[in-house]
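There are two complexes below, and they share chain A, which is joined by chain B in the first and by chain C in the second.
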Partner chain A sequence: MHTLKIGLEIHTQLKTARKLFSLSHNNTSNLLTKPNSQVSFFDVSLPGSQPRLNPQAIVCALKCAIGMNCRVNAVSKFDRKHYFYGDQPLGYQITQRYHAIANDGKVLLTKRYDGLAEDRSIGIEQIQLEQDTGRSLYKLDNGTTDIDFNRSNIPLVEMVTRPDFNDIEQVRAFIKKYTKMLQNYDICTGELETGAIRVDVNVNIDQFQRIELKNIPTTSAIVNAIRYEYKRQCQVVDNGGSIDEVETRGWDGKKTYRLRSKEDSIDYRYMPDPELPAIKLDLEDVMPKLKQSLPMSVEDKMERLIKQYGLKLRDVNILMNDPELLEYYLDLYEEVVTKKGLSNPINWLVHDFLGCLTKSEKEFSRDLFPIREFSGFLELIEDGTLTKQNGKLLMMHLMNNKKDQAVPIRELVESFGMKSVGGDGEELREICRKVIRENEAIVRDIVEKKKRGKMNYLVGMCMRESGGRVDAGAVKKELASELEKWRPLE
Partner chain B sequence: MIWEVPRIVPWSLIIAKRYASTSVIGKQISTPEELREFLSKSSWSTQDLLNLDRTGMKIDKKLMDGLLDLTGLRKSLNDEDQSKLMNSLNDQLQFLDRLHSIDIPKEEEKDLKLTRLVDDASEDGMLDFHKLNSEVDSTKPDFLKGEVEDTWNPISLTKEHDEDYYIVKEGLIKKNKA
Partner chain C sequence: MDEFGMGNSTLNSHFGPTLNPLYQQNEDIVSEYKQETFWAPKADSDLINRDILHSIPNAKEIDKYDEIRYLKPILKSDYTIDSQMRIVGGSSGGAAASVAADLVDFAIGTDTGGSIRLPACYTSTLGFKPSYGRISRWGLISYAQSLDTVGIISKKLDIIEKVFKMLDVYDYGDPTSLAENKRVRDEDNWFADGRKVRIGLPIEFQLENMGSGIKQRWMQLLEKLRQNKLIELYPVSIPSIKYSLPVYYTLVTSEASSNLSRFDGIRYGFRADKYTDTEPEYTVTRSEGFGEEVKRRITLGTFSLSSYGFDSHFMKATKLRSRLINEFNSVFRDRHELIPEESGNDKGVDFIVCPTSVDKPSIVSEYYNTSPVQSYLNDVMTTPISLAGLPTINIPYGKSEGFQLVGQFGYDYKVLKFAAMVSES
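And now, the complex of A and B:
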């Protein structure tokens, strides 16, 4: 068994209104934007154009540093990293390799909030501001490349972790946690699929050199690529080989493949950028005020949902993944629990309501089932007017027939014949007796041969007989009482 | 009239030089002739500032080859030239390290404008929370920098394009990508 060591380098596109060193629009996340329509003279490196730092990017980078518990530097500076490529017409990228805006952070992955087997602390080496490149579209048929500079000069934060991961689940948890933090502080859209977050992974085993995996599009692809790369490196070593060269590899969906050997920093001919002044911050003033302006942290929000609202981690995660759904739940809770004193609506929301959305192929919107209607619906469940089973059917109906939401819900239940049969009513007793009479063989199995499992068959028959208007628990109780009195017909 | 030697070197460096060399303070210069005479002779050399210690050399053969590749210089050197070049590069690095190691008081640094950008060393331009936010609020795109949308068409600058895209005709050499 070889020890696995993983470190991450994550590039994050900042959600500023405008770009990093010019003030053309930053709207690359809009896929309908016409290519090369959001560019200034600097973005395409016209001679004589010069960079000027957009201060909004500083604010985003500082928020990120707070989220990653980093030490923020009072002075940070920009460097030029030289390499030649068609989507980088300056001939260099402006970055912060040597005097970054923040260093030495720490993120704690936990059992409680991240669902890991044990807590794990991940060190953050550096957070630096840098510019994105243009986008290259390779045309394989004629060997040319199309270039779109809309992405050129969009602000990025590059975050480098220490190689502190020793398990793939930790990587998965970290990416999720990082994404949530970015969304919570409104720093980035948090999408891996659109390239707003791009993760490079460094993987090595034992004391051997690291292999860098680049351009992996999704979290599941990252997990699969690490798994593959770990096995590949183990195989190399087990077959008597060794991994001595730092190498960059890609991922084709099934396997990793060699891209190139990794450059040394000297290959990039770093130099201080002479056109950009240092960023100088009055940390004693900026940091406390900025922290105060931020919303509650993700973990504090999770803790509140667990403690104050009594939710399970699984449900908390579902809500935290969708800020609009979370807000909807809080409003629903206020209406249903605080005002009406009914039960917590969480199961109806995340299991039944979201289940209906999936089945109906609809996106969540609070208009689909407004709070007032949802609350009225839950009242019927709670007072026994509607069984859970029929409740699910009615919910599906309401979601797909919006006009019926205007009809008073009790009226609707009556007109559909869904009103439940009371737990101690004569109607229920009659239904049970009828089912017992018509299924004598089963009843004999239960009573004489003690095959209790067959009871569920009778419950099902009762549900069918009543059209779902009986509660399964009440039926079971009634059936048991009737069966006690049951005697075979001579 | 008393002539002063123009100060273009920070005091800290002069002091460092004095500690490093054998020079002594001579008599005061009082005439242009004496000044010309003084400047015509070298009283110290950069060698004084070098601590020619070649034990922990930073530039080795591999790195030097890399640098020759990057600069496009000839690599076919004989052993003697190679070692001369390597020693020279190491001496230069040591000299720079030594310059960097000198602690120049902030005030002096400011006066001498030694920083690469004038305001790097000063505290002007230091951003507090209010200033940072008001800079964010006051940034406006500039027409003269092509920052205002739909005021120019970057594609119009190229004769050939693929609809709205620029074209790199020979494709891109992927191994150059960072």
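And now, the complex of A and C:
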């Protein structure tokens, strides 16, 4: 068994109105934007054009530094990283190498909030501001490349973690936690799929050299690539080999493959930018104000849901994934629990309501089932008018027949004949007796061969017989008492 | 432009060499002047943002264009430059020559390490390099932008002052533009009655290899200044001046190698159109497109920035530059406008005076045979002042001879005002 060590380098596009060093609009996230339509002189590096720093990008980077618990530097500077590439019009990228905006952060991945087996602290080495490049569009038919400069000069934050991960689940949890933080503080859209977040991974085993994995599109691909790479490296070492050189590898969906090795690595000739002034911050003034302007942190929000609302981590995660759904839940809770004193609607919301949405192929919207209607519906469940079984059917119906939401719900239940059969009523007894009569073979198995498991079959038959209007618990009880009395006919 | 403002001869320009108007050229190097015509949109027409046309506009729009004619000199294929012709200096040699030949009243140029002052000196004109950041660089192609400074050449000081006043404004578009509150304007008590103006003479400028003619002129000037009752002369020491040539050439080539990397042939300019399998033709394009001096400097700069050269060359030069600035601050009486807390010596001098060049301009034919390193030595008097970003003006003092008057950072008007006083006497 070899020890696994992983570090991440994450590029994040900042959600600013304009680009990092020019006044063109930053709207690459809109995929319909016409290529090369959001481009100013500096974005294509026209000689004689000069960069002008967008202060909004600094604010975004600072928010990110707060989210990652970093030390913010009072003075940070820009450097040039040189390399030739078609979509890099300056011939260098303006970035921060020697004096970054923030360093030395720490993120705690926990059992409580991240569902890990044990807590793990991940060090953050650096957060730096830099420009994005243009986008190369390779044309396979004639071998040429088109370049779209809309992305050129969009502000990025590059965050580098220490190699503190020793388990793939930690990586998954970290990426999730990071994107949640970005969304919560409105720093970035948080999407990996659109390239708004790009993750590079450094993986090594034992004391061997690290391998860099680049251009992996999604979290699941990242997890698979690391898993593959771990196995590959273990195999190399187990076969008597050794990994002594830094190598960059890509991911094709099934396996990692070599992109370049140390011999053809580039000397980036980093140089302090000779014309951009240093960013000087009055930290004692800026940081408290900025912190005050931020919404509650993701973990504080989660803690509130766990403690105050008594939710399980799984449900908390579902709500945290969708701010509108979360707000809907809080309103529903207010109405149902605080005002009416009914039980927590979380299961009905997260399992049944969202389940109905999936089955009906609908997107969540609070208009689909307004709070008032939802609350009236839950009252019927709570007072036993509607069984859970029929409740689910009714919910599905209401979702797909919006006009029936206008009908008073009790009337609707009546007209569908869904009103449940009472727990000790005659009707329930009749149903049970009928089912027992018609399923003698099963009954024998249960009573004579003690196959208690077959009881569920009878319960199911009762449900069918009643059209779902009986409560499973009540049926079980009634069946049990009837079976006590049961004797074979002959 | 002399190969992107590099070099101090102005012999390698696109349209041929620039000759020094102060010297006789018997044979015309131009074979003929060809009349060229272009059409420019009239300022008040709705076409104002259109490009100029090189062929006649269509009948519908012709009224909206001005027809402009000019003469284009066609160089002889086998001209000879007179044996006694001297270089004009560079890289703003064209600007200096057109002022010297009375083609214009003033010209704008850029000065990175002496590119205004040296040709001004060689053409006996006034060449003013303001404090770094005082005139906007927006639109100027960067060579080494931690030093690049826009300046003015003219024969008349009042014209220089007038032009400077127009250009001396903060520009949001240039990140190195000096903030409005750092621009010292006129102060009446600069030369209050009775207070003597203190002039510093850096001992490090007494160079062994200074030409004997220049040395003699320099002594004459000092003698004249000494006799002036309003002036006191002091020797001052700025030890790092002796490092300024290597520091300058390290930093300038590094920045140039970086700035010129955008000229890869992909978006604009020359492209070799010789594709290779592995990359767009960057290597061929740049090898064919750049001149020898440019390539030499890119190579030097690339080395200084490489992982081998960064600490030992680039960073070392950067540190020596800071030291040089501190040393200048220690001898000036005025405070440096950007670092006032680290400057301002009550016993310091108002100005520094030193020669602009170490020798007369080279004879053109000889210059072609000088090695690049030898030619770099011509910049020894001007580069220290550029590295410190100080305001300075070349004041002519004889044919192709001049001296620099240097003031503290931000005190451009003080330099101009005193230049006027010196010129009068």
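Remarks
Here is the rule we use: the second predicted complex is superposed on the first by the 475 of 490 C-alpha atoms of A that agree within 3 Å, B and C clash if a C-alpha of one lies under 4 Å from a C-alpha of the other, contacts with A are read in each partner's own complex, and residues count from 1 in each chain.
Just so we're on the same page, a residue touches a chain if its C-beta (ideal position, glycine included) is under 8 Å from a C-beta of that chain, and two chains touch if they have at least 3 such contacts.
A quick note: this is a predicted structure, and the numbers were derived from the prediction, not measured.
With both structures placed on the common chain, the touch criterion links A:249 to neither chain B nor chain C. When the two complexes are overlaid on their common chain A, residue A:269 makes contact with chain B and with chain C alike.
Once the two complexes are laid over each other on the shared chain, residue contacts for A:39 go to chain B alone; chain C is not touched. Which of chain B and chain C touches more residues of chain A: that partner is B. Once chain A of one complex is fitted onto chain A of the other, the partner contacts of A:177 are absent, as it touches neither chain B nor chain C. In the superposition on chain A, A:84 makes contact with both chain B and chain C.
Of the two partner chains placed by the overlay, neither chain B nor chain C lies in contact with A:198. Of the two partner chains, neither chain B nor chain C is touched by A:5. In the superposition on chain A, A:392 contacts neither chain B nor chain C. Once the two complexes are laid over each other on the shared chain, residue contacts for A:210 go to neither chain B nor chain C. Shared interface residues of chain A (contacting chain B in one complex, chain C in the other): 44, 46, 84, 86, 147, 267, 269, 272, 274, 276-277. Contact residues on chain C toward chain A in their complex (touch as defined above): 137-142, 144-146, 172-176, 254-255, 257-258, 260-264, 266-268, 279-280, 282, 302, 305-307, 310, 314, 318. Across the interface of their complex, chain A is touched by residues 63, 66-67, 70, 116-117, 119-120, 123, 125-129, 132-133, 135-136, 139-142, 145-147, 149-150, 154-155, 162-172, 174-178 of chain B.
On chain A, the positions that touch chain C within their shared complex are 44-48, 50-53, 80, 82, 84, 86, 89-92, 147, 267, 269-272, 274-277.
On chain A, the positions that touch chain B within their shared complex are 18, 22-25, 34-42, 44, 46, 49, 54-56, 58-59, 77, 81, 83-87, 93, 136-138, 143-149, 259-260, 263-264, 266-269, 272, 274, 276-282, 285-286, 289-290.
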